[in-house]
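Heads up, the next two complexes both have chain A, just with different partners, chain B and then chain C.
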Partner chain A sequence: MSAPTPRIPQTITRYRRQVLGLFAVVILTLLIAASDALLPAYVTSTDTLQPPSARHWLGTNDIGQSVLTGLLRATPVTVGLALLTAALALLIGLTMAGLAVVFPKKGRAVVLHLTDMAEIVPSILLLLLVAAWHQPGAAEIILLMAVLTWHDDVRILRSVLLREIGRENIRLARHMGASWPYLLLHHILPAILPTLTGVYLQNVVQAVMRVAGLAFLGLTAGDLLTWGSMLQDATGYLHTPAWQWLLLPPALCLTGFLLVLTTLDQRQQRHARLRQGANP
Partner chain B sequence: MIELRNLSLSVGDTALLQDINLSVATGETLALLGPSGAGKSSLARLLLRLLEGQPSRTLRHKARHRGFHWSGQAIVAGTDVLSASVGQMRHLRGNQIGLITQSLSDALNPQLTMRAHVAEVLALHQITDITPEQVFATFNLPPELLERRPAYLSGGEVQRVLIALSLLPKPKCLILDEPTAALDPANQALTVKAMAHGRAQRAQILITHDPALALSVCDHIAVLDQGRIVETGTPRDLQQQPQHPKSRAMIQQPRDTAPGTAAAPSGPDVLRVHQLSHSYGARPVLRNLSFSLRAGECLAVLGPSGCGKSTLARLVAGMEPLQSGQILWSEATRPARPSPRPCPGPCPCQIGYVSQFPHRALTAHFSVAQTLAEALSLSQGRLRWLLRPRHSDPATLTAICNALTAVSLPTDAPFLARLTRDLSGGEAQRLCLARALLVQPQVIIADEPTSSLDQCAAAEVIKTLSDLKQRAAISILLITHAPAVAQALADQQLTLRQISPPPAAMLRRADQGANVEPTPSLIHAAFMGDRPVRRERS
Partner chain C sequence: MRPKAGIGISRGKAAALLRGLLQRLAVFVFLLVLMSVLPRLLPGDALDVLMDSDVQRDLQESERSALRDQLGLGGTLIEQVGRDLMRLLRGDFGYSHLHGAPVSRLLADALPWTALLIALATPIFLGVGVIFGIEAGRRPGARLDRIITTAMSLLASVPPFVTAMALLLCFAILWPILPTGGAEPLFPAEAPWPHAREIARHALLPACALALHEVVRYFFVVRGEAAGLSRRAFVINARSRGISGWRERRDYYGRNLLPVICARLSQSVATLFTASLFVEVIFSYPGVGSLTYQAVLDRDYALLQGAIAVLAALVLSLNWIFDALTDILAHRG
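And then the complex of A and B:
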């Protein structure tokens, strides 16, 4: 039997999109890290509560800080907080779901009872309590919110994992001698990736709202500049014309970001459906 | 009622169907006959717009687009389905057009019982004058199936339930996609009868690779080759004077003239199954089943659908935990090289298992080459957990191509790079077989390996299996419902009978007609070794 020797698939071109995505992430991270040096200083001045002008494009607040500079500085902090919180929550959730699946007796009981408890405790109250007691900085917010919200994902992730592990291809590969780590990395993770992305985007939406909420209530550290804290600063001037340039810009930023996330979520779902394609 | 004009369908830059012109009037049945992988099922899905894709003219870069795209017109029940809106399609589906899919896909909801499925359809179409029990009686389905979920139905039963469900709303057009591929002859006859139920009131397109079925039930036959219709005609014309060489090959090919197997092999036993019983919940499937398999021998297990054939295959392959009885493997099937990790379960790694549902057994996001490379690396024990299975080195590539050639699949680079989810039922089935071959198995357990293949491909697969059996002394446990396949390959045949709920003898040797006697000497044996064993065969 002689077979024609096929060409080796072009791996570089196949992964072009992934490589581009990696570059984009690296550049964004660098930009965020360097934003402190790149952006103009967020300093007080004597021009308090100035309406938008050529000098201050979005006006100034009650202590003469430029709203535009504030927005630019708050954006990476707010977005970064949300992304990291969601990622940490997903990681904890996935680990817990994995434990529940791998150890079907004890692990499952422990994880599901923990989840039940976490669901009964009103996490937003707990969050407020802890935040009021100890005004958290960025790292503490991430940790706190991830610990208080991981339980949202556990049940979904567990059922998805169970479904994948019960599939015949996994059982067959296991039977042929594949190890669990290999199966997890190459068979299961790619298959549940659409679900993971969907859950992650939902987490980000939740996290943005929670971070904004905490800051709006003034429960984060004073020097942590987020869209939520800018909204909180604006509340004192609702009865003056200043609300137009103090309240609207951060509120619009928040809305825009949520809109982007929702659109991404929908596109992602459509894409996943399309990829499932020819054979159900 | 169904009219296709200049219909073309492509995936990426490969054309699947080109310039299809067909018309089927009410009361007519047209058979679309073609080799596996010709785009028959894609056409069925396109006519219901279940295919994800878009019209060709909206595409800017046809070559770079990876999904399906189409052009032309397809008028079904008075509507051009290719340009219909989502709302129109939703109205058409079920009410006007019915689709019966290949049972290879999971078309039933795993969470619902059969009664719930029927009730759902009855409620959707506001049919109130018939109960689920009456539906099952009309379509010759045993009433005890009503309370079961799809996982506890056999392939044939699923297919018959699907037919009943799609015929309930009395559609004007019906598209049947390989409705009998997974059925045994008795069930096939029942299904054909169900299909004939009220066919004067509707137009039917029957998509099949089985010329016998096409010839017996259809008014017209269209033969598909390389995406074009090469010949149309009545069954009589085609049977007597096929014009095109391809239709001649497809229709007049004698059924399996594979040579009768040589003298019965006299190798040692490799597998001995002793007093095997299995039940799902309270429902017994297998009871006190005993048989043995010698090296280089093929044992065919036949029986009606739902009698536990697939369960037997899964038990022997070690895919399902053993409930009672013993499955004993000889030392010869243990891998020669020390395995890096002991195999789970009692069964050795050196077996190839070919699933009845090929798409379920393949990882959807793997390409053809990756699937095979993984099996090869696993069998050689050199798969490390972080690395993907590599298929770029020449030795692996040669092995992969050889395995693909053995099951008559193409070996060109585009095919190797295709994802398994984009393969047709027949291609996936052969890929599963190729994967089983790569493991260098001592025993192959093949569950319906030819059920969704056209005759040419099925003959190739049978030839491959019989070659393996004779040259490499590989034993084959063949599960099939087609007596022709069993006759072509098998040295021994075993016929299973459905267990009726009260205890009854459930097993009968096809060649002897006697119950199989258990062999007490084996009860405590873990492995057979060289000990002489009493054979219950003549």
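And then the complex of A and C:
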């Protein structure tokens, strides 16, 4: 190791957690993309509504599909939909917040008005309206949900951006001739990363709940297999013993995933608070 | 000029309220326009979509154009949308062929049931959320706080429709002490008191499911606010003077939490309607939520349009009223 190690940008070492998180997201995306080929086929059979057995570990549903296979196949779809929806909502929110900060007069008024309006739109009515004419598929769900939820992120992102831009380090660096792209990458982005992560996690929680709700109502495209649509299939069997293997697995998966997300979110918040307390 | 302190609201507040009203009107009109534009923007002919599900037959071109006029699909897009808007604003919601009744009657029949559920659920979630929130927040970090907060975090991770299904499963199917669905039995009792009791029994589970959904939100809001209050000088002072128990909770916490709770209520209007849709579908309760849902499934567009117009008007005006109340309360400081 005689050669000088390449200098890792300070941001990466300092924000190891966030970088690791990014890696996890990339790996997850690859897994989601490859899952269709890796998992067994989700085929119908004549063994309908079988209880769990050695052959079908979690039993079968009303058209003889294995619940376990369905659960495994629904996992990447459910998780992927939530992650992408949350990312798109964050992107729209960040763009809006950025516009409000860059154009403090006109932009701010327009963005805040739009945010106010988006906040009061009863989103369920809009979803019902759209679903009545056309049951949305994956891409449409992501777009719809992002358009309906970005407003949650704008205010907090705007206040964080304003705070960071007003700091001395930015003014000093500006004075020294730093360009805005440089400032964005080296000063502003690292400073707002914790907030971004927190907002993103909350977006994911919201997206999971909303997409599952829509699928539970049976208002998503028929071929889109998610935990929510599996729950929808189970509703007809509450009066039979089949609820034990039709209802419980997707319900537990959904709850477990949400629990992981909220725990991550709480830890992230505590972390951010500690950091703020350490260097006020 | 400084606005006069005291009763009433300042000019700035009034302007903000007016702005809120205008924004809500804009959103309402946007929803109405979307409602009438959307079906006409989709690929294919709206007439084909409508007829497809009802009558499968070849129509003559003259019959088609006659039908088009009859269904309000003639003329340019702007003409059609304008006609739709005027019709809805006049309060003429049309006729549901599937139910064989005017849409306004269907809605008028369903709304009281939804109102009953919300009226029953509100005291439950307010009471539980506020009491637990104050208990947890007045000593942040204590054992009681940790237990309650953990339980609430767990509850928050369960999607509301899953809790509703769990309630249905536990108290109506596995341990059948309450009815599984509907708002009253098939043959309601004649006498008023047994009848009221039957209605209450049917509404209990859905109302609880609805309340559970909101309890968590109120708990976290109230806990955070109470934790802030517990560090304020006047509360510390009161405690050192030996004020505790009911009086501390009511006069020192409860009274100061009122604006926060009111502010939360304005957001709750929309979430409660959303939640009631899920709850009514799960408990097959004949409220406006399940009516709307059924309209979507049956592609009963007249009913769907009427329901969305009425619900949007209700939600938007109610949350504006709560916003106004919050402003008046917050004025007390």
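Everything below uses one rule, namely that the second predicted complex is superposed on the first by the 243 of 280 C-alpha atoms of A that agree within 3 Å, B and C clash if a C-alpha of one lies under 4 Å from a C-alpha of the other, contacts with A are read in each partner's own complex, and residues count from 1 in each chain.
In the analysis below, a contact is a pair of C-beta atoms (placed from the backbone, for glycine too) under 8 Å apart; a residue touches a chain by one contact, two chains touch by 3 or more.
Here the structure is a predicted model, which is why all the values come from computation and not from measurement.
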(message) A:168 in the overlay: touching chain B, chain C, both, or neither? Say first, second, both or neither.
(response) first
(request) Considering only touches as defined above, state whether A:186 meets chain B (first), chain C (second), both or neither. (result) first
(request) Classify the contacts of A:224 with the two partner chains as first (chain B alone), second (chain C alone), both, or neither. (result) neither
(message) According to the stated criteria, A:273 is in contact with first (chain B), second (chain C), both, or neither; which is it?
(response) first
(request) Have a look at where A:77 lands relative to chain B and chain C in the superposition and call it first, second, both or neither. (result) neither
(request) Examine A:146 and indicate which partner it touches, taking first as chain B and second as chain C; both and neither are also allowed. (result) neither
(request) Report for A:253: first if it touches chain B alone, second if chain C alone, otherwise both or neither. (result) neither
(message) Between chain B and chain C, whom does A:176 touch in the aligned arrangement: first, second, both, or neither?
(response) first
(request) Scan A:58 for contacts with chain B and chain C and give back first, second, both or neither. (result) neither
(message) If I apply the document's touch criterion, which positions on chain A are contacted by chain B in one structure and by chain C in the other?
(response) none
(request) Give every residue of chain B touching chain A within the complex, in rising order. (result) 11, 42, 51-52, 67-68, 105-107, 317-319, 339-341, 343-345, 349, 353, 355, 357, 359-366, 369, 374-375, 378-379, 381, 383-386, 388-389, 392, 394, 397-398, 401-402, 404-406, 411-413, 416-417, 421-424, 428, 439
(request) Write out the stretch or stretches of chain C touching chain A in their complex. (result) 20, 23-24, 26-27, 30-31, 34-35, 38-39, 42, 49, 153-154, 156-162, 165-166, 168-169, 173, 270, 273-274, 277-278, 281-282, 292-293, 295-297, 299, 301, 304, 308, 311-312, 315-316, 319
(request) Write out the stretch or stretches of chain A touching chain B in their complex. (result) 1, 3-9, 167-179, 181-182, 185-187, 190-191, 273-274, 276-280
(message) Which stretch or stretches of chain A touch chain C in the complex?
(response) 113, 116-117, 120-126, 128-134, 208-209, 212-213, 216-219, 231, 235, 238-239, 243, 247, 251, 254-255, 258-259, 261-262, 266
